[in-house]
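After this come two complexes, each holding subunit A, first together with subunit B and then together with subunit C.
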Partner chain A sequence: MDTKDLDARTYADLLSRYIETQDERALYGAEKISKSFIRKNILPEEIVNLHIQALLDIYPESRDQILPSMNFLLEAMISYGLAHQEYQMLREKQLEIKSEIQVAARMQKMLMQTEIPEIKGLDIGVISVPANQMNGDYHHFVKDKDGSISIAIADVIGKGVPAALAMSMIKYAMDSFPASRMSTSTILASLNRVVEQNVDPGMFITMFYAQYEPKTGKLHYSSAGHEPGFFFSKKKNRFIDIDAKGLVLGVNQNTTYSQSELLLEKEDMVILLTDGVTECQKDGKFIEREDIVEVIKKYMHLTSQEIVNRVYRHFERLQNFDLRDDFTLVIFKKVV
Partner chain B sequence: MNLQIQIDSKNNLSIVHLSGEIDVYTAPKLKEALLPLTKTHNGLVEVDLEKVSYMDSTGLGVFINALKLSTEHDCKLRLVNLQDRVLRLFQITGLHEIMDLNSTIRGVDE
Partner chain C sequence: MNSLSYVSIMKEWDIVAARQMGRELSKQIGFGTVDQARITTAISELARNIYLYAGEGQICFEAIKTLDQKGILIIAKDNGPGIKDLSQVMEDGYSTSGGLGAGLPGVRRLMDEFDIETEVGKGTKISTKKWVR
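On to the complex of A and B.
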């Protein structure tokens, strides 16, 4: 006897028991068997059919009354059966897509892997968390031959798969740059041309690009419409916006960028972020940039990695662990 | 939150009144309404953002798209009455330098 017949038998038994005794336990049995039906993908009209057979066994003399009414119900259930089959199909499709995105997310993670380089006298911390599976934020570190370090942080409009695809393009464009160091403004201008030629007219990327020279303590930087970072001056004991003007990447082919300079002294700190940080909300209201500074101040005695971790956890909690946008925060501190 | 779009057009001038939030969910609706207008040769499209309380980067993307199209078609695009938070987004991204952002609004009959 296959399990379907077994279920049919159980169903008939439960039904006759319930008609006779109205025993709650029979109802419980019905609940259990309905779950088993769903697991085995039994359609609603098949269940009605089971019911008809069972009733006919119990009341063979009422065949003429039972059959027409039940056949009517059977017909009425057919569309539900079709809808259920469609639902099953969609569920399978969805699982398929989900696993494909998982593979893509893993690939992206591998592609985007960037190691925090060891730079003497510089303490670097970074956290980047996607709102969904794929990350539209990007950051990377490159240590140049002359001992300086390049730091890029970028944000693609939107999120999810399209943003991640655009990010991969940026990554390859940057990898193809010559080994000799270019100025931050030249790098943004070149990237802008790549992006402008290769993206949808409504797509754009914001990027902040910086180079730090440990020997001189100088930080050169340019911005392509990126959310301004903060500079903490130990001497002044003050946080200052790192203001750098420049158009986002991908809008105008001939855009040029300016380059600015900051001199880092011991215990000065640079904070770079994406708008996933500034667009955090508390009770339906956006946080202010000052709120971010306040949180950083609270943890600034820790190492850079500890600071970014704590700040992230703070805002994650603030939003009930539901990120609306990809969140990236980079902090570096001059320690000697 | 939703986005209401009301368009008044006369000859080559279109005024688009927006009200609500422009985000990843409402941006497609704005795109559908706005982009065809920016293809009016020698036209002027004015977008009134007075009642737009929030816009994210997806919304900026729609306006960048509209700007590119309007340049292609010799059409003027002007954004008016931006709230501070929305204006800040245009300033940070450098778009205020290449877009016509004006604080006054004209009527269709002017």
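On to the complex of A and C.
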């Protein structure tokens, strides 16, 4: 006997038991068998049919009363059955897409990998967590031959797969720049042209690009509409915004960027972030930039990596462990 | 009823006539209640498409047989505008009723075999079979 017949028998038994006793046990049985029907893809019209057959067994003399109304119900269930099958198809499709994205996300992670370079006298910490599977934030470090280090942090306006695709393109554009050092403003201007030519007009990318020279302690930087970072001056014991004017990448082919300079002294600290950090919400309201500073202050005595980890954990909890946007935070401290 | 018969579809009530003829034939062939209801629903979908998109056409019925199987063949044909994006139409979730699982993908599910020939500007012919289990 196949399992379908078994279910049919069980259904008929349960039904006649229930008609006799009307006890809860039979109803509990009905709950279980209903789940078994779903597992075996038994459609509603087939269940109605089971019911009809069982009723005819129990009340053979009422055939004429039972049949018309039950057949009517059966007819009414056909479209439910179709809708259910479509729903299952779509669910399978969705699982397929999900696993495709998972693979893509792993590939992206590999592509975007950037090692934190060892720079004497600089303590660097980074955390970058995507809201969904694919990350639309980007950061990268390059150590130049002359001992200086370039740091880029970027954010695609948008999330998910399209954002991640745009980011992969940015990475390749940056990798293809000549080895000799260009100024931060030149780099943003070239990236701007790449983005303007190759990315969907509705898609924009913000970027903060900095170069640090350990010998002189100078930080050169330019920004393309990116969320301002913070500079902590140990001497003044104060956080100030690192604000640089510049249009987001991809708006206008001929945009130029300015370049600014900061001098880092011992125990000074630079904090770069994406708007996934500033746009964290608390009780339905965006947090203030001061809130971020407060949290950083609390952990400032730790290493840079510890600081970014703790800050992330703080905001993750604040968001009930459900990030709305990709979250990237880079901190570097001058330690000697 | 002979084994080859048809209903012309011109007005909405003709859909009911087609259902009626399909149901009777499938009962005669030996389909159970559930399959009768499924065949009838498929006929409805086909006839309604003719009524809505082609204006007029025919639903033909035929009892079919192989060595070991009995079944029904339904052919819906019209000289209407034809279907442009066939692969899209056959995709789940495309029909204007969206998310009800009905329409042509529904017909394909309700029946065992399904074939469609269509030419833009010329018309559409849909043949579909179901076998008695």
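Throughout what follows, the second predicted complex is superposed on the first by the 336 of 336 C-alpha atoms of A that agree within 3 Å, B and C clash if a C-alpha of one lies under 4 Å from a C-alpha of the other, contacts with A are read in each partner's own complex, and residues count from 1 in each chain.
To be clear about the criterion, a contact is a pair of C-beta atoms (placed from the backbone, for glycine too) under 8 Å apart; a residue touches a chain by one contact, two chains touch by 3 or more.
In this text the structure is predicted, and so the values were computed from the model without any measurement.
When the two structures are aligned on the shared chain, A:G246 is found in touch with subunit B, with no touch to subunit C. When the shared chain is aligned, no partner comes close enough to touch A:V336: not subunit B, not subunit C. Using the contact criterion defined above for the overlaid structures, shared-chain residue A:E279 touches subunit B, although it does not reach subunit C.
More residues of subunit A are touched by B (comparison of subunit B with subunit C). Of the two partner chains, subunit C is the only one that A:A83 touches; subunit B does not reach it.
Contact with neither subunit B nor subunit C is seen for A:L73 once the two complexes are overlaid on the shared chain. In the superposed model, A:L6 lies in contact with neither subunit B nor subunit C. Residues of subunit B that touch subunit A in their complex: 24, 31, 56-58, 60-62, 64-65, 67-69, 85, 92-95, 97-98. The touching residues of subunit A, counted against subunit C in their complex, run 45-46, 49, 52, 71, 74-75, 78-79, 82-87, 89-90. Looking at the complex, you find that subunit C touches subunit A at residues 32-34, 37-38, 40-41, 92-93, 99-102, 105-106, 109-110.
Contact residues of subunit A toward subunit B in the complex are 155, 157-159, 200-204, 206, 224-228, 245-248, 251-252, 275, 279, 286, 325.
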